[in-house]
Every structure is written in C-alpha cells, then in structure tokens.
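Structures given as structure tokens follow.
Each of the next two complexes has chain A plus one other chain: chain B in the first, chain C in the second.
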Partner chain A sequence: MIDDMQNIIFGLVTGSILAIASVGLSMIRQTEGFINIAHGQLLTLGAFLGYTFVSALDMNIFLAGLLSMLLVGIVGVVLAVIVFRPVARSGPLAQLFTSIGLAYLLFGVMRVIFGANVTFFPTSFGTRLDLGPVNVTVGEILIVVTAAAVVAALALFLSQTRLGTWIRATASNPELARLRGIPVNRVSHAVWFVASALAGLAGVMVGLIGNVHSELGWTQTLIILAAAVLGGLGSIYGVLASGLLLGLAMDLSALVIPTSYRTVVAFGVLILGLLLRPQGLFVSAGRREA
Partner chain B sequence: MRARLRPVVILMVIALVVAACGDGEGSDTTGAGGSTTAAGGASTTAGSGTTTGGGEEGPIKFGMLIGVTGDYSPYYDVSKAGADVAIAEINDAGGVLGRPVELVVVDNKSTAEGAVQGFSQIVDVEGVDVLGGPESDGAIANLQAIKDLQLPTICPACGTSELDQAGGDYIWRITGSDSDGGLIAAQFARDAGYTRVAMLVQNTEGASAPADVFKQVFTEIIGGEVVADVRFDPGQASYQAQVDQAFADDPEAVYIGAGFEAGGIILTEWQRRGYGGSFMFSPDMIVPEIAALTEQGVEIGDGVAKAAIAAYDTESPAYQSYAPRYEAITGEQPSPGLYDANQYDQYIILALAIAIAGTTDGEAVAAVISDLLNPPGTVVYSYAEGLAAIEAGEDIDYHGASSSLDVNEFGNLASPNFGEQNIVDGQWTQVATVELDASLRP
Partner chain C sequence: MSGVLLFFVGVITLAGIYAILAMILNLEAGWAGMWDLGLAGLVAVGGYVFIITTQQTHEDVILTPHWPMWAGILAGSVAGGLAALIIGVPSLRVRGEYFLITTLAFAEVIRQLSINLGSVTRGTVGFNQFSRPFESWATGAGYRWLLLALVWLVVVVVYLLMRRLGYSPYGRLLRGFRDNDPVARSLGKHTNRHRIQTFVLAGLLYGAVAPLYVWFIRTVTPSLFTSEVTFVTWTALVIGGIASLRGPVIGALILLLVTEAASLVQGSGEMAVVLASVRFIVLGIVLILVMRFRPEGLTNERDAFAGASGKG
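== the complex of A and B ==
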C-alpha cells in the first residue's frame, strides 16, 4: 500500500509534465488542423533555454522557466507565420510533413547552438520531505503545483476571456468562426503562443527531473502523441486527463511488472483505449473526428 | 470499422515517422581535420566477401567509427585527440608503405543501428583500409560484416563479453572485457564487506553483460544477496520508480550499469530523495558528466561511488612518449577512463601491421596483428621504432601506451590492468591499481 502511494506520487509528477507537454499539441491540432511533429523540438528548446538561463546566467529557476516559456512561445508564433501559414492552403497533410521537416531543422540548429552533450540542471530543488509513509521532493511538489496552476489558468483563459472564447469557437468550427467575424489570425497567433509556451515549460520540467540533451524532443514526442491521441485530439481537457492517466499507469505498473516494460504499458493503455473508444477516452462520440 | 481503426492507423504512421526521425541522423560524417579529412575513395560493396580498401595509391585510409553523438559523445574529443597523435606520429615517420595515412571519422551515434549505417558509409563510401574506434554495441553489430569483408579492426574501448571468444581473426580488443569489469565490481563489494546489494541496469548489451557477471559472481561465488535487480530502458525522462524499487529493501550498496544519460538522472533522483548507501558503477559511468554532478550537490565523491577501468602502464616508454603529445592537444593528462591511449595504440598497431604485411590487403594485414602484439620479438614502443626493426628484418613485439598489449588466441588482452576510480574534487581519479582475484572467476 505504501509502495502504491509512493508510485502514485511518481505518476503524478510524470503525468503532470506529460499533460503540459501534450495539451499544446492538442490545441494546434484543434485550431490549425494538423499534428505538429515539431512540438517535441519546442520542448527541447525550452529545456535548453531554461538550462542556459540557470547555469550560464545564474538565473532563478522560476524566472528562467517563465522566460523560457515566453521565448518558446514567441518562437512558435514566428514559425507559424513564416513556415506553417504559407503551406496552410495545401492542407493538413502538407502541414504535417512540413512540421516533420521543421523538426529536423530545429533539431539541427539546436545541436549546433547548444551542442550534442548531455547536461544536468544545476538546481538541486531541495531534498525530500517525509509525509508519513511516503516522501516527496520540493521540486516534485512544485512541478505538480505548477502544472495544476497552468491547467487552471488555461481553463480560465479559454472560458472567461474573449480570446479564449474565440479559440474555442475556431476550434469547434473554423469556417463558421471566420464568417462570424472572429479574427482567426489573431486566434492562430494566440494558440501558437500558448501551445509553444506550454511545450517550453514542459521542457524545463523534463530537464529539471531528468537531463537536457538535443535528442530530448525525439524521445518525448511519441509519448506526447500517445497522451494526445488517448485523450482525443479534439479535447484539451481530455488530453490533460490522459496525460495524467498515462503517467500514473506507467509508474503504477512498476508495482506489478518489471520497470523495463514502462513504455510498453503506456502504449498498451493507448491501444486498449483506442479499441474501446476510438474517438478518444474523453471525447463524446458526437464530437468524433471525421 | 474503418472509422474505428483510423486513429490507430494514423498513430502508427506517425509513430513510424517519429521513430525514423529519432534514428535517422546516422550518416553524419566528421572530417578528422586538416590533412586527415575524409575524402571519399575506392570502395567495394559490403558483403561481397572481398577485401575493402582505399586502393594502392594516395593516402591509406584509417577508419574511425565512433560515437560522435549520443551516449558515448563525451569520449569523442579525447578519443579523436589520441587518434590524431597516432596519425601524426605515423605520418611524421614517413607514413606507411611510403604513403601518408588519413583518418576518416564517421559517427555511429553510439547505437547499434547508427553503427551499422556508419559502417556502410565508412566502408562503401569512404573505402577505409582498416578500422578502429568502435564501442561494444557497434562492434557486435558489425562483427560478421568485419569478418566477411576481411577488414582488420581494433576495438579500443569495447568491453562486451560477446567478444570474449569471437576475435583474433579480423577483430582485436585492446581493453579489458566487461566480464572482468563485472567481476571487479563484485570484488569491490566483497572487499567492502557488503552482503546485500541492489542492481539498476540499463537494457542494453553493453550494460547487461557485466551486470550479469557481477550478479553471478556476487551471489554464487561470494555468497551475497542481490535484494533487487531492476532493469530499465534508456531514454526516459525519469527513473524515480526504478530507483525507489532498488532502494526499497535498504541495500548496503547499489550496482549501476548504465550509460551516463540514464545514470545521471538516477543519481540526481537518488540525491533528492536521500536514499544513502554506496555505489559500484559500470565503466560507462566513468565520464566527466557524472563526476561533475558532485559540483551540483550529488554526493557520490570520496569513495561513495567506485568503478574500475583498464589502467594505463604509466611506466611504459610508449606512454611517456604519448602523454605529452596528447596533453599538448587537449591540455589534459591521458585518462584511462576515456580510453584515449587505447585509441592511439590501435592506429600504431594497424600501421605496423600494414608495414609488416607490405600491403593493405585485409587478410594479409590481419594475419600479422597477433604476432606483432606478442613475444617473441624486439620490443618496440613507437611506430618509428617498429618500422626500423621491421626494415631490419626483425620480428617485433609492440608495447603500447595503454598496456603491453599481449593478446590471447581470441584477440583479447591476456593481462589487462585495472584501476579503481573514485571521484575526487569533481574528477574521476585513479586511487588504486586493482589486481583481479582469479578465484572469483566463474
């Protein structure tokens, strides 16, 4: 039982990061109509920027994380304008393959700028706190709390602001939104900024609990896609929930099967979920993608 | 039904694309700089059964198939420096068979897949005459092709136990075997009085093989108990659950068999949660990145973590000649944990072998390698000394900068030296020479 609770904490940390990393992918899918394979590279960029700010500029980790989010968000908007918008008329497939090419480009550029070596954040993030039978580190608490705060802020943004309403309307029916006078370009910029910034934040989080290297985006992309597809690509909240679910499933599975099958568990859950609910676990059948 | 399957099909297609993206960088060729930059050349088709080679004119091409990127990337710069010292020494002595020597470097991405791609490039495109540099995974991945192509190959840093009885014809290993590495780790545990240890081992051939030897020796011969044997796949963002499993039964020490990418994460998580205890590391963890963790508060210095790797014979004239030249390039002293002297030795050996054979023909070159490493013969400590002895019609016995390099029938070092490595002041430091206890051999 104690092991169960400890692994739930591990799963919450893993799931929180996965949820933050996946939700941006879902937002782009919903409003822009394609799966952005370069999303993982934006995560890598966030990790590298955060690491650089902390290690080279001795910046506070929270400030470094915030600045990384902002910069990666801006990079996302710039990429949308100069790379994705020109090919948008060619359809989602062209955008999908453009994103693959862009992923390679970003990977190469980052390798030139930041190098191929593996590095570790210098921030120790404190030691563990014993909470009865389980323990947790300050850093893990901050990651879960930050993820929860981001989710809450995102929910408020989407439901309580005019821009958020426009985003939901555009995601639901882009043509109708255009006809109703919603400034779709502005909506697009906002979505790219938020989605990319969240990828950047997830990158900083991954770097903090793990390490930072140029392959980070490639290693994370599949599991991010799994969370996004499991939750239903059309459901932001579904993707958040599935990210948590996959994180918990992977870390709780360690209690019953060897940990070398951790990734297998994640994709097993995904395949099972899709067989049972092909539209995604958290999307109603009526909203199923065409 | 089609609609139900569509998301699965889409996901599988994307998964294939992403997987390909992650592995598709293997054709990255790195010029060796200056006169040693790759320049293409003649080649034969892999698998044709014919000898490879750069032809009979122009520079003789020495291949270096090595991890420029990936897990082994921290070794690259120093490995290249060691190789450069050898190439310069050979060319300064007039080259081989009157031809200059050129170093051709190809990245194997520190993976078996990258090694196979890189091997194809370095053989088919670059047309190298001999090959050095590969690590365990890459050497095993290309073992059959090396034999089929009769390509004389030396492994300067591959400890894989699969080479324990596989070489001696076209492939030689001039460092200790992982089998001995696992045995020494068990010896550390025995000498420290540990009776209960746990294991955290990466699911790769290079990490699993010595871990299995460690487990066998520690449990069956020493009589200790392995309280947890946790295996994991590399490439994950976190290993918290695995670390927690390893420390769940309060082991006195933990054996970590991993690349530094996963190993570094494991150690930072160990520090955050304050599990305590001591470590025995596999040789792949003896890299600056792991040592540098002590400067970030990870308390693995001063003997908390021990590891063993092949130790250099610092009294050897070959080492004493090599060391200052290496230091002039890198600003650092040679480090056994980085295999730089082994990288140097491999090219001196290959150059001497070609000089003895009088040809770059792979079969002829391979036929003389074991002889030039073993007595009898005039002991030589450099390429120039060896060349002079060869020209004088003498048999030679090359003693290298890394060790005396005597090999057995399978092309493995007969008596490898090992050094105990601790982290002292943020750097891996050899604190003692380890003599293998032969009674521990399974």
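== the complex of A and C ==
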C-alpha cells in the first residue's frame, strides 16, 4: 500500500513532464499540420543546456532552467524559419521527413558538442521528506508545481490574449484564419517558440529526475508521440490529461511487472486506446486526417 | 588498398540489404499508401525467429529447436507475416500519421520485448555465434564477396517480384485506393482487406529477408533493430523516389555510400565519437535537402509506370 502511494508520486512527476512535452508537439501538429519528430531532440537540447549552465557556469538551477527554456524556444523558431518554412507547401510527407532529417542532424550535432556520455545534474534537492505514507524530494514537488503553473499560464495565454486566440483559431481552421486576416507568420513563430520552450523545460526536468545523455530524445519522442496520439492531438487538455495518464500508468505498472517494461506499458496503453477509441481518448469529434 | 576495397564490398552489401527493405516498404507505403514506421520491428521478428530456430551454439536459452536453415528462414517469414497481421488489424483502424505512430510504437514494443525476454532472446547480449550459409565455399574476405553476390541476387529477385506486382492489376488497385479510397470501394473493392493483405505480405517479405541482415552483421542483439533501420530505409526510399520502381535501389546505394563514407576516416577516442556522429549529421542533411529540393525523389512514379495501362 505504501508502495502504491509512492508510485503515484513518481507517476505524477513523470506525467507532469510528459504532459508539457506532449502539449508542444500537439500545438505544432495543429497549426503547422505535421508531427515534428525532432521535438524530442529539442527536449535533449534543453537538458544539455541546463546541465551545462549548472555544471560549467555554476548557475542557479531555476535561472538555468529558465534560460534553457528561452534558448530552446529561440532555436525552435530559427529552425522553423530555416528548415520547415521552405517545405511548408510540399505536403505532410515532406514535412514529416524533414523533421526526421532534422532530428538526426540535431542528434549528431549534440553528440559532437556535448559528447555521448551519460551525465547527471550536480543539483541536489536535499533528502527525501517523510510525509507519512510517502516521501518526496523538494525537487519532485517543484517539478509538479512548475508543470502545473506552466499549464495554467498556457491556458490563460491561449484563452485570454489576442495572440492566444489567433493560435486557437489557426489550430481549428488554418484556411479560415488566413482569410480572416490573422497574421499567420506571427502565429507560427509564437507556436514554435512556445512548443520548443516547453520541450526545453521538459528536458531540464527529465535531466533533473534522471540523467542527461544524447539518446534521451529518441526514447522520449516515442513516449511523447504516444501521449499526444492517445490524447487525440487536437485537444490540448486531452493531450495534457493523457500525458498524466501515461506517466501514472508507467509508474504504477512497476507494482505488478518489472520496471524494464515501462515503455511497453506506455505503448500498450496507446494501442489499447486506439483500439477502443480510435478518435482519441478525450476527443468528441472524428480525427482530422493528414 | 584491399582494406578499402573490402570496406566498399561491405557498404554495397549493406546498401543491397537496404535496397531490399526499401522495395518492400515501397510496396506497402509507396503503392498501398500505408506509412509504416515499424518495419524494424518486423525485421526483428524475422531475424530473431530465424536465429532462435536455427542456432546451434547458444544452449542457455529455453528454446533451441536446431532447425535447418531453410526451415528457419521460412519460420522467420511466417512470424513476420503473423506479426504484421497482429499489428495491422488494430493499426489499420487509423490512417495517415496515426498509423505511422502506432506502427512505430509496435516496433518499439517488439524491441523492448527482445530486451526483456532474456530466456528466449538472450536479452541485450544476444546471439553472436552462428553459422552462415555456404561457409564451406569461402572464408574470410572471400565470404564477403559471396555475401555480396547473395544479397544482390535477392535484390534482383525482389526487384522482379515488385515489377511484376507493380504492373499487375493488384498493383494498380493498390495505387488506386491509395489515391481515392471511396472510388475504389464504390467499384466493389474491399480496400481494407487488401490493405491488411498487403501489410501481411510486406511482413512475410521482411521476415524472409531478415536473415541476410543477420548474416551481414553477424550478431543478433536488440540494438540492431532500432528505429534507425526504419528511418534509413525510409530515407533511401524518399531519396530514390517513392512509388517508383528503381527508386528504392538507387536511393539505398546513394544513401549508404554517402553515410558510410564517413566511417572510412579512422579516428580514436574523442574523434571516434565525433566520426560516429557525422553519419547521423550527413543522414539528416541529405534527408532535409532532398525534401526541400527534390521532394518527389530522384526517380518518379509517372516515369516508372508510363504506358503501364496500355502496352505494359
């Protein structure tokens, strides 16, 4: 019973990180029209940048996280303009494979710059706090709280600001949005910035609870894709919820089967979800096909 | 000198293996419109079933039937087809990019299972001692030439098979429902049944050719069947020209020559990591540039099937 509670905590932490990583992927899918396989590599970039700031420059972890987030966001916008804009009219297959190419390019470049070794954040969040049935570290609480704050900020941004309204309009009907005079370039830049910055933040968090290494992007991409598809891609709240759900499923499964099956569980949930509700768990309308 | 020559023999052999995979991918993705990102999983099933049923040296696993090689290839092929059926039925409920991600997920599940089911697959250690066909005919460097010939013989056979399929009414039907599913259905074609059939056929073929890959690499471990196999095959296909006939072969040759050329430069320590990474950078740049400047690839479908409906 105590183990159950403990695993729920772990699941919450994993799920929070997964949720903010997946929501960016789904935003790009909705406004740009393709699945960005390189999303996971941006997450790795965030982890490496955060690690470098903390270990080499001796920076405070919060400052390092914020800075990594901003930098990855800017990198995302630059990549969108240089790499993705020119193929925007070539169709989803060209865009998808451009993103796979970019993923390999980023992966290779990061291995040259940061090396192929596994490293750990030197940051320590102190000993585990004993909270009756469970114990948590301050870091884990901070991750969940930060993720919740980021989600709340994102929701406010999308619902209360003009740019946010434009983004939602573009997501639900890109052609109509263009016709109505919404500045599509600005919307596109904003989406790339927000999505990439969220990936960067998720990267720092993944690095904090685990380790930092160059393969991080590939392993995370698969789980992020699973969460995004399970949530139905279209609905931001659906994707958030399924990110949390997958995180909980992976860590709670550790109670019954070996932890090495975590990813198998994630994909099992995805496959089950597609079988039972092909339109996405939290979507009422049909899926929009590519 | 002979070292460089043998290196290129290896590259051309690997290019041949990828040409075969790309031709099979072309059948399911190029013609039938099923964007499969899980082919590495089907190759893994074929490779593992082949090695488990035929290997003689590793006795520490619970399943050692010691079958002859031809039976192993057959078993690998059947297993590949069966896996495709199991994957295809749920995955084909969704289309386009959802299909793509579901197949990617299945391939990863297969890979994770190959890591975790150690009593059958020897986990991450895998199999590294097994005999290869015709080993009595040639040894050492000679065997590399033999494998090269064997692989390219299969390339020719698969090419002829695909040519036949592509020009046949069945091939026309695949391309027809890829482009317009409702019309094909209105003509009384059971398009979903044909999709499953084609996917299973692709699985049978992936399973059957997986031993070539195993013989070339000379080990069977889970790290051989990562999504890199899938992405390299896809890159070869899109470089050569998706849905064309010769495209997959041309694309595989170009891609492998370009990416493996980086391994010719020798380096040690720190440099080795950099050089290993250069392969990925080259692969990425090639893919980005092809998508930007030649999104239809080097050859195209229209030329490949010009006059197909008339004289043939």
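Simple rule for what comes next: the second predicted complex is superposed on the first by the 285 of 290 C-alpha atoms of A that agree within 3 Å, B and C clash if a C-alpha of one lies under 4 Å from a C-alpha of the other, contacts with A are read in each partner's own complex, and residues count from 1 in each chain.
Methods note: contacts are C-beta pairs under 8 Å (C-beta built on N, C-alpha and C of every residue); 3 or more make two chains touch, one makes a residue touch a chain.
Predicted model, so just to flag it, every value in this text is computed and none were measured.
Legend: residue contacts after superposition of the two complexes on their common chain; A:Ser90 is shown touching chain C, with no touch to chain B.
Once the two complexes are laid over each other on the shared chain, residue contacts for A:Gly139 go to chain B alone; chain C is not touched.
Contacts of A:Val206 after superposition on the shared chain: chain B is touched, whereas chain C is not. When the two structures are aligned on the shared chain, A:Phe10 is found in touch with chain B, with no touch to chain C.
Contacts of A:Ile271 after superposition: both chain B and chain C are touched.
Looking at the shared chain after the overlay, A:Thr263 reaches both chain B and chain C. Between chain B and chain C, more residues of chain A are touched by B. Once the two complexes are overlaid on the shared chain, A:Val112 sits against chain C while remaining clear of chain B.
In the superposition on chain A, A:Ala103 contacts both chain B and chain C.
In the superposition on chain A, the residues of chain A contacting both chain B and chain C are 35, 100, 103-104, 107, 111, 116, 218, 222, 225-226, 229, 258, 260, 263, 270-271, 274-275, 278, 289.
By the touch criterion given at the top, residues 34-35, 83, 86-87, 90-98, 100-109, 111-112, 115-116, 218, 222, 225-226, 229, 258, 260-261, 263-264, 267-268, 270-271, 274-275, 278, 287, 289-290 of chain A touch chain C in their complex. On the chain C side of its complex with chain A, the touching residues are 35, 90-91, 93-98, 100-102, 104-106, 108-109, 112-113, 115-116, 226-227, 231, 234-235, 238, 242, 273-274, 276-288, 291-292, 295. By the touch criterion given at the top, residues 3-8, 10-11, 14-15, 17-19, 21-22, 68-70, 73-74, 203, 230-233, 235-242, 244-245, 248, 260-261, 264-265, 268-269, 271-274, 289, 292-293, 296-297 of chain B touch chain A in their complex. Of all residues in chain A, those touching chain B in their complex are 3, 6-7, 10, 13-14, 17, 35, 37, 40, 100, 103-104, 107, 111, 116-122, 124-128, 135, 137, 139, 206, 209-211, 213-215, 218-222, 225-226, 229, 250-251, 254, 258-260, 262-263, 270-271, 274-275, 278-280, 288-289.
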